[in-house]
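Listed below are the structures to be examined.
Next come two complexes, and both contain subunit A; in the first it sits with subunit B, in the second with subunit C.
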Partner chain A sequence: MSESLNFHFTPVDEARPDEENVHAKASTDVTDVIKAIQEQFPGAVTEVVVYAGEHTVFIAGEVFLQVCTALKEELGFTYLVDLAGVDRFREDAPRYEVYYCFVNLKAGKRLRIKVRVEEDDAVLPSITGLFKAADWNERECFDMLGIRFEGHPDLRRMYMPEDFAYHPQRKEFPLLGIPGSLPLPPRTPEGELTMDPFAAAHSGSPAKSYEEPAEHDED
Partner chain B sequence: MPVNTSYRDQENIFSFWPRHNETILKRLESKDAWLSTRRGIEISRVKDALEHEMTLNIGPQHPATHGVLRCMVKLDGERIEKCVLDIGYLHRGIEKLAESKTYQEFMPYTDRMDYLAPYANNVAWCMAVEKLANIEVPERAQWIRMIMCELARISSHLLWLGVGLMDAGAVSVFLWTFQGREDLYNIFDEVSGARFTVSHSRIGGLATDLSAKAIDMIRDFATRYEEIIRGWQKLLNRNRIWIDRNRDVGTVSADEAIALGLTGPNLRGSGVPYDIRTFEPYLKYDEVDFIIPLREEGDCLARYHIRVEEMLESIKIIHQCLDRLPDGPIRADDAKKAYPSKNEVYYSMEGMIHDFMYTETGVAPPKGAVAYHAIESPKGELGFYLESDGTGCPWRARINAPSFTNLQGLESMMEGHPVADIVVLIGSIDPVMGEADK
Partner chain C sequence: MDSATGYLTTTVDSVVNWARSNSLMPMPMGLACCAIEMMAFGGPKYDVGRFGSEAMRFSPRQADLMIVAGWCSYKMAHAIRRVWDQMADPKWCIAMGACASSGGMHRCYGVVQGIDNFMPVDVYIPGCPPRPEAVIHALMDVQEKVRNEYSVAKDYASGPKKSTAEPISLGILTSDGRQTEVGA
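What follows is the complex of A and B.
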């Protein structure tokens, strides 16, 4: 049988941009802003996806920093709300994308920008010079997905310790972690470092948190 | 998989993550104190002849750090010159976990994020999924969600007030606010069956309706506590010690607050009227009458005033919600989008199948759908950014946690203050590490 059975529930419907969403907000309608970006930077906007009344504006990586500068200084998007990376994995290259959520406090607008990043050369210009708030978010993005931000003053890992060698939010990273990648304190005073906290799941035996009493011979 | 054995060679077996500490110290040395340099506070570059300089590690286990927050501070005498915060000690990777859970399955995890206001997190998650899958929620459920969200806000602010005062040296208020939290726990218990991690909201509505007893309890709480909170205001608003500990501590101007990305009461304490309840009204917030407390001083005292006033506004909202609570269903009546009622599940075959299907796959938003939905949680803007690949599990679930954003600002705010202000500052920012560490 060449065709494998697929038990996953796969609905046929694609996301429709024209569908009316009951939760859509007026603040996410940013057609004017997109037009302003397109006028100032022809070719910068590669794609605009609409869903649930929200525009996702894809910006070409080369002009990204200029667009951000214009957003902050001319278009009033002074407040950076969120920044995070997405692993696209199953889609066509480029593999990663980083999404930025800006807010214009005066006009009451929320804008989402996305930039795609190649897997081999996962580098983006850092926007910490423009938005101080991007600092930790960029660190988190680097920690979780391994995307480097050029010009970031302090690109350390955010959550994981520096000694950790992987980027855990990449899709290929196993959910139970990699044994030995993150040593934890010993379970007993004289014990070894705990290399695998989920030993049972990796068909090993979990470390005991107590010393076994010595066996008595019955004579 | 390669096993990292380099640690075994270490002399001291307890020295795990040696590089981690090194990099923090290196960062502390090389750091440019942003807020201090902006204000022209000079950091001494001269050789420390009197040996006043000290690098101090506060936390991660310290009662005043509100969880597992680690502050590496460089002191000049008693003044903090530079500060580096290290978080991640409570990192459970729930964004990663979400990718292998159905949307409904993930909801209990949100309880464990901001564990001081779990209901607000439940609602935030459910509303994000509802936006992604375009699910309409019945009126009654929306009003109940609003009541419970505001109770969660009061619950969170009560803890902040009690613990904040305890940090400043006044223990009795802690006991009073915990009495308040105890009353709230009893309400949550009556509503959802759990005191702490409620998990009561469901995608498309709620798990259960409010009982008559629960409504009485909420009304009683709202009536009693308005008086009690005003009593605390009388005690604290003109209290010499409390004002001296808080005034002009951690001052952030409006521009700086925006640049640092502060959110919630911390942002409004600096005079920026950004509150999701009015910025992007969700639920029924555009139909009730309340004000957003705003202060312009930007110091700890302003943040204190804002939070206490917010509690009073919450009580106002709860009263209005109770008066206007309509009758009707509490969950969307569409088996593809929300759980069927227990009556259907127990007494009809279709109901049981739907219940099984909903647990097994749950709601499956269309492929390529993306949505960001934020609510004003007690700590600030709590947003979920979701991407769907057409299956029952999110392809990417991003949590925009307010505590994370606020802690980033705290790192700059601490610089230039005496060590003794650290505890007051951490308290006034009101971080919850469960949320910041994700």
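What follows is the complex of A and C.
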């Protein structure tokens, strides 16, 4: 067998040219896009991280909305794939970051953008005006981390109940939750809400609404 | 004589219990991956129709066995409790899988640590997810429980039997709530 085995998907630090990797097609090599952003918005790109041939572009929060508008209308990134928040507690200087994954369908390019968010002023401009797909993801990010998206048409909690007081994916939130913050349903149809999350361990399981008959024989 | 031990009532009991236990209509409360195994349990290979429970009822008014399959969040718990309250008496409940029984691997803020914290459970099934055979076994356990219950001799709505000095006559509740004398 003359052909040698090639593992085309092994991560490397440099973006591969097209002819070397037929599968990757250098779709994550976006150096020209980064250059275009830098030319149009000087100072907008604060950092570029390259890992496994993928570029991660850090954008300053003040010009983020303008950069997104240019990305969509001039650079052809019309498809928002994903958006979520990360808590970098005690790892990075601005505590939170929000990442955005865009795709240019015509050129076959993928772009990952990150925006750092301060803890004291956790506000970002919403991109729902540009990408409708951002709606629920921004709500999720608000629910889990408490980052507010200015200009979002309906910034309610995505998963947790409306009156829940905390943001559970912040690192200081205890994994088991805060007892009494989430009510369980009443134990009888007319009863009060159960505030104890371990009610069965403390006061037994609820009884049925009718008297459960004793068994005929216990054999 | 105790009204629940007479010849007639125990005979009627056994007939009614036989009918009830062989036609349990499950209300599938599929919340996660256990629901896939529950579908296999209702499907042709495991064929729960052999036990008379193939008719899954998605209306709580027509169901008498709730199978809670999967992890239950605090938000969903209120919906499950409401559906349970809408089911007509007598009713039974199976907590299917580790998550429904105890929270399972989801030991976190959003998942109820066992559905028995807010509703009564008759049979717990271990497993993650349990195989359909295990669900069938749980169904057979519920059938066993149904067969050993009083069904007609006690008035479920009136709660525990009141202790009175007067002897209680044998009777069957009619549809309008009157007790008719039977062979007394």
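Descriptive notes on the structure:
The rule is short, and it goes like this: the second predicted complex is superposed on the first by the 164 of 219 C-alpha atoms of A that agree within 3 Å, B and C clash if a C-alpha of one lies under 4 Å from a C-alpha of the other, contacts with A are read in each partner's own complex, and residues count from 1 in each chain.
Keep this in mind: a residue touches a chain if its C-beta (ideal position, glycine included) is under 8 Å from a C-beta of that chain, and two chains touch if they have at least 3 such contacts.
As the structure is a prediction and not an experimental result, all values here were calculated from the model.
Put simply, more of the residues of subunit A are touched by B, taking subunit B and subunit C as the two choices.
In the overlay built on the shared chain, the residue A:Thr56 is in contact with subunit B alone; subunit C does not reach it. Of the two partner chains, subunit B is the only one that A:Lys132 touches; subunit C does not reach it. Of the two partner chains placed by superposition, only subunit C is touched by A:Leu176; subunit B is not. With both structures placed on the common chain, the touch criterion links A:Pro168 to subunit B and to subunit C. In the superposed model, A:Pro185 lies in contact with both subunit B and subunit C. Of the two partner chains, subunit C is the only one that A:Phe198 touches; subunit B does not reach it.
Contacts of A:Met160 after superposition: both subunit B and subunit C are touched. When the two complexes are overlaid on their common chain A, residue A:Ser27 makes contact with subunit B while staying clear of subunit C. Taken together, the two structures place residues 159-161, 168, 173, 175, 178, 183-186 of subunit A in contact with subunit B in one case and with subunit C in the other. Taken together, the subunit A residues at the contact with subunit C in this complex read 159-161, 168, 173-178, 182-187, 189, 194, 197-200, 205-217. On subunit B, the positions that touch subunit A within their shared complex are 1-5, 7-8, 13-14, 16-20, 22-24, 27, 31-32, 34, 87-88, 91, 93, 95-97, 99-100, 127, 130-132, 134-136, 258-261, 263, 272, 274, 279-280, 282, 361, 364-374, 381, 383, 385, 387-392, 395-396, 398, 400, 404-405, 407-408, 412, 437-438. Interface residues of subunit C, counted against subunit A in their complex, comprise 4, 10, 74-75, 77-78, 80-82, 85, 89-91, 107-110, 112-114, 116-121, 145, 148-150, 154, 156-157, 159-160.
By the touch criterion stated above, subunit A contacts subunit B in their complex at residues 8-11, 13-16, 19, 21-28, 49, 51-52, 54, 56, 78-82, 84, 86-87, 90, 99, 101, 103, 105, 108, 110, 112, 131-136, 140, 144, 153-154, 156-163, 165, 168-169, 171, 173, 175, 178-181, 183-186, 192-193, 195.
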